[in-house]
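Dropping the structures in below, format is structure tokens.
Both complexes below contain chain A, partnered by chain B and then by chain C.
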Partner chain A sequence: MSEKINLTINGIPLRVDQNTTILEAAEELSIKIPTLCHHKDLCVAGNCRVCVVEEVGVKKLPAACATPVHEGMEILTNSLKVRNSRKNIIELLLSEHNADCTKCYKNGNCELQTLAAEYKIINQEFIHLPDTKCYTIDEFSPSIIKDDSRCIRCQRCVRTCAEIQGVSALTVGYKGDHMKITTFFEKPIADVVCTNCGQCVNHCPTGALIEKNYIEEVWEAIADPKMHVVVQTAPAVRIGLGEELGFEPGSRVTGKMVSALKRLGFDAVLDTDFTADLTILEEGTELLTRLKKVLVDKDPDTHLPLATSCSPGWIKYIEHMYPEYLQNLSTCKSPQQMFGALVKTYYAKERNIDPANIVSVSIMPCTAKKFEANRPEMHDSGYRDVDFVITTRELAIMIKQAGIEFTHLPEEHYDKIMGDSTGAGVIFGATGGVMEAALRTAYEIVTGREVPFENLNITPVRGMDGVREATIKIENPLPDWSFLDGAELNCAIAHGLVNAKDLMDSIKSGKKSYHFVEVMACPGGCLGGGGQPIPTSPEIRQKRMEAIYAEDMDMPLRKSHDNPEVVHLYESFLEKPNSEKAHHLLHTKYVPRQRF
Partner chain B sequence: MTTSHYQLKRVDLIFKNENDWKQILSRSLKRDQTDIVNSLISSELKGRGGAGFPTGLKWKLTAEQEADTRYIICNADEGEPGTFKDREILSQVPLKVLTAMAVCGYVIGATEGFIYLRGEYKFLEKPLNNAIKEFENYCNDIGFHFSIKIFMGSGAYICGEETALMESMEGHRGEPRNKPPYPTNNGYLGKPTVVNNVETLVHTYTIFKYGAKKFKDLGVQYSRGTKLFSISGDTPIPGIYELELGMSLQDFVDEFGDGDTKAVQVGGASGFLVPRKRFAETIIGYKGKLTGISLPTGGSMMLFNSSRSMFNVLNNYLDFFQEESCGQCTPCRVGCQQLLKGIHAVKRGEKHASYLKKLIKLSETMEYTAKCGLGQSVANSFSSIVENFWEEMVF
Partner chain C sequence: MPKIKLAEKTINIVKEICAKYDNNEGELINVLHNVQAKLGYLPAEVQELIAKELNSSVAKVYGVVTFYSFFTMTPMGEFPISICMGTACYVRGAEQVLDEFKRQLKLEIGKTTEDGKFSISCLRCVGACGLAPVVMVGEKVYGRVSPQQVRKIIAEYQDGCPSS
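This part shows the complex of A and B:
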């Protein structure tokens, strides 16, 4: 039973639940209290002190984000004392910050800049501290750039890395004036356990953590008349991009995005969803083969559960943290890399283009994809399979640079050859989506019937719970799969690496036993990826998820094996799923990595 | 060379060792818990670490919390510049401290106690462990189950802040927590916890031994009992003295000064500087309605004579704070750097003297908004030194 508390904020009385913070109470009255270190995804820190308010009769100013209300409290959010203190604090943050805004990648999308603008901090008298310190920029990672001179020590990244991802690649080091956000032994991000997921970038209020951008490289490729520039777009980009370009979270902008990409000058606008469908056929076949090997052949070298391999953040995580489980990972490349390998082989052949003249660009909701494209394994086409990976945010920047009025664009369709997709490909963008898509296909392969769920919506695998489980019972299979008759296929889904850790530990301890697990490194899956628009919050991710499933429902085809271009690909090029050629181009291997 | 016609009364309660801890412990364990708390409350003992929270109330609040486990922690992270009394207590009368911890455990329902020992006091670890062994053996003999462990600090000043101390014990970075919740509700490992300064615990021993009245008869209203003072600086007789609370700073300087005292820093780097003209009106004790200007202190009294540059003194303190801030909250981390760099800029003539006014405002902001006592108390020394020795700052 929760007690109610009476208080007033700026003289307005209200009644709230016990344990409500002053910040939450003020929100109920639509009174905005500025914050910096506070983030809805993270635990309360109370360390930036920008949200201080006055409690009448108390000398010290409590931090609104960290202080629970109590009976009879009288709060002032805009008294002179509060204003002066808050301005002083913002001024301090600016004095510690390399506020060379016009040279900052986050210019225009920086919470500190916004606050400085709101409070009109014009006369900055404090000594500019970055001038007195020696900062270096960590640019070694292909995904993430860290610039301490722009860091305000709010520790959002530290909390993100610990609480959402359970990785703690970023942590606080030193104290006092030397205190900074750093890594193990101050190594470059590229050399530590960092999974490149980019959640820290997504949660950083300033330009201290940013993605390594490849915008200029892509512009140059487009401008090169010799080059045939092919672009692929990941499922989650179409439901996120709008947020950067004037739409509400959860807006589906697929057609406008395709239209914008054509106007940017890409020679072919194709869809990662196509290779998502292809992944289902490859991975579904792999799952069924493994089940047969384990259940019928009793092969001791085949391991279950089979774990998905679409999320490069998850891949690097398991390489570092659970290298003994690498043989459980599906050997399938991620849809991005399958696409890259096919563009410079199959697509080049079909279009009669020299693969040496193809530049393959991908638009991803993800910063780890930049790392993935850079992996030495990813050259199976004979070339680098994916040349440039840019995030949803970088695409928005390009669209703005090109002067395209996104909201007024017509809706256009993807180009042919690797542009067709099904609803099953789209839902790859949400946690549980790969599982659902795989089940839609695998169940049908085994039984000859559609999955027994209304409208093919396998709702038990959907949702935002950190770890979800589902059991699919197989009855009356086709003769080839009679060994699965009556079998119960145990599946589990985790998103956010902290949940992946729980899942892996439960498997490792023997507490749980599954046949198939799906793990996505980011909260909500790719829709909450580190390359998606900033800000993010549980509410925003929920809306993006609804948009993904709505997109799926609106697709004429909902099952990967129905994708006509995928069918044609097998008939004309790959022969059959898991064929030798498919293995060469679409599958890969993993490397154990150290934790330190 | 004291110039005094009047001598401050010396008290000898803390270091007097009559080796009676066994009787005191046995006697206390026979008393009703509420009775012990009530006598502590009526003694008006306040925390001797410097913050002055009523000790009896702290024990009472902790005892009243619903919990399966509670803890008592003795804060021996004595790091305030100019303070060295806890070291002597732990060297000379450790069993008094251990007894007080055990009685506290009995009162609040804790079976485990910890001594958070300052990293630099490593040399005390072995003798203390010997004392603990002797103490625990006796506890076993009388059938009282209470264990005490030493937790070594690593040299961070901030870990003397009680919530940072507990973070440190839990294996985390020594950063203060948001308050509320207070340790009495949610302390070590999330359990109700009493954190008491070493000296506070010894005073409770005195109260267990002689009763609340004898303790309360010492000192003045709002500031009862005695206090250990760590006296240093320009004094012919530095050392540790047990004196009654409530003395005037003038009387103190008359007795301990070298005849040329221009200022006294009361309470270490986080305390206040009192210039000569304020000696007479300043009372050493906790704030109360009747006591005028009263300054609480963790016990550090630093005397400065006319040969000392107050700029250097302030520079020293700010340098210390800049280094020892944990760095998590903005006002403290950046504020300390700005104050330190600011006074140097003024001294060098790079900033106008009026910039000091802006810095005083900044120190006020730090006082109002910093997350813990460290950042909040930088303003004490900063504004009291700058306001009283403006010329020394500028010229």
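This part shows the complex of A and C:
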């Protein structure tokens, strides 16, 4: 039992566990202390000091986020001394900040702006420094823009990139007045090990790190009468979007989202979940083929474990960090890119539209998908497969711009041809989901029976632990798969690249050996993606995860191979999984990249 | 940033130093210190190698290198000029001497002239306070230097080696 500590905050007594910070203790009393450098996902930095409070009898004001409580402590969070000092800190931050808020992408969603508004920082006491400094704006990446003039050097991004992603593309360079957030030799983000995951964007309190937005491009495409504009929506968008538009975290807004997209003027509203289902058939077949090659043919050129390839942040990470494992990656494109390649071939044919007149837009919880769509490999339809990728946040902006009252929208259904999906497709949005969806299908292909889990819910692969393992035993397979009789399929799941690193190191050192691993670059999987609503926290991600699994349970079909449109696609166009045509359109190659 | 290929010898020096510190990331500062002592400076390629050996990130290494003004990323000049900024030298006008060097060579602290001849750095007390202010060019020590002497000192090295 941990010891309890008695203290008072603003005169109210309370008892909390040892090692609680003043900030956490105040939260228990619903007293909000403003913070900037503090973030629930990250270790304590204590560098901005905006969270100062007064401890009665102590001269120096402690930082609430970094100071643990002690017995008998009397804390004041709103004394005159606290207010003045807090106001001073905010003014100082603003004096070196390019605070032309009306020209900032984060206008209305910036923690510094909110504080300045709360504290009514109207008369600037300090000189305005940005004019005297030579700040850089890095716009080279197709995913992320970094504007140093809006940076308050809270270092959340640096901690995010190190602690959540284990990438450390960003660092704090120089010191004092010259201190800045930078990369190796101040290269553009596009030229270093950055994976474009956007977690730093998700954790930046200001407009210093933002996604590169393609909102105007999409509006232009919609306005062009010659163009047939198709939109696809990733699984995690439907359980995140609501947060930007007046709903609580964990709200499922699928039908309203579809309705909003139709009102925005898209010609067809289709679903990435459809190609998620397709991915399962392609990747499941690939897995079984590899197992056969390794176990039966003893082929030395086939590699296990097979690693999933849906997360473009993970792909770029492995290209930089573990290029020797590129043969382990599934050759399957991500669902977004499969969709793109099919829209300008199969869909165009079915709808009798010239693919040159199709604009394909995707709504993603992800910033790395912007980079992925831009990869030179992604032109297998003969055109750029996906023209514009916008995030959940950008979609919310468009909905607001269009004057759509989201909360009042009716629920509508996806359009036909690549609009059908199953519960297996939707769980792609949560860590472990691809694994679960693949097992639901692969197990049935091999044994002819459903996976032996209640309601098809393979709970061992679910959850928020950084690395999870599961073993699936195969019994009484169909004759074709008799070599798998009694086999135990060892699977592992990692989310957040820092955990992917652990997983890869355990494979590399020979400590672990698996048949199949799923990796998602972002914490919680796509539901915690770098393009999802801000803020994010473990609690918010938990709620989004529950929403994903609820969405799965409510789907009439729960297994990818039951998706009728996928069945039709194979019958009428692709022939069978991993066919030559499927290979051409749905599979890809990877490139080794410089580690540093 | 042009890529230089590190010489085999340099690679080995760096690797040895990292190994001496058990390739431990926590020893980064010591490693950088030792490597700079051997190589004179820390170019990008050396930082990359150190990051690799210590299994750290290059950005982190770069962050540390830029944080401490002691570390330099440009090679020292053929004739490195060091000006003592210890208390004794300082009160006896080291700063004016430094300014004069900077002015004459059109050079900032930590930088090297384009022809690679001169670089300027500051030192803390070199233990010759009796001679303050003290300037060193390479190994050679100049005592009681006044700003007026600066031109003469530079001239000594201007055309190749000093006439010693």
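Throughout what follows, the second predicted complex is superposed on the first by the 596 of 596 C-alpha atoms of A that agree within 3 Å, B and C clash if a C-alpha of one lies under 4 Å from a C-alpha of the other, contacts with A are read in each partner's own complex, and residues count from 1 in each chain.
We take it that a contact is a pair of C-beta atoms (placed from the backbone, for glycine too) under 8 Å apart; a residue touches a chain by one contact, two chains touch by 3 or more.
Because the structure is a prediction, the values reported are computed rather than measured.
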| item | value |
| --- | --- |
| Which of chain B and chain C A:K32 touches, first, second, both or neither | neither |
| Touching partner for A:K175 - first (chain B), second (chain C), both, neither | both |
| Partner chain(s) touched by A:K40 [first = chain B, second = chain C, both, neither] | neither |
| Partner chain(s) touched by A:K576 [first = chain B, second = chain C, both, neither] | neither |
| First (chain B), second (chain C), both or neither touched by A:N84 | first |
| Chain A residues touched - chain C or chain B, whichever exceeds | B |
| Which superposed partner A:H584 touches (first chain B, second chain C, both, neither) | neither |
| Which of chain B and chain C A:V167 touches, first, second, both or neither | second |
| Partner chain in contact with A:F184 - chain B first, chain C second, else both or neither | second |
| First, second, both or neither for A:A66, with chain B first and chain C second | first |
| Residues of chain A that lie at the interface with chain B and also at the interface with chain C | 172, 174-175 |
| Touch list for chain B against partner chain A, complex | 156, 158, 173, 175, 178, 180, 321-331, 333-338, 341-342, 345, 355, 358, 361-362, 365, 367-371, 376 |
| Chain A contact footprint on chain C (complex, rising order) | 1, 44, 47-48, 51-52, 56-63, 66-67 |
| Residues of chain A defined as touching chain B within the complex | 44-50, 52, 59-61, 63, 66-68, 81, 84-85, 88-89, 92-93, 95-96, 125-127, 129, 132, 152-153, 155, 172, 174-179 |
| Chain A - residues contacting chain C, complex | 162, 167-175, 182-185, 187, 192-193, 595-596 |
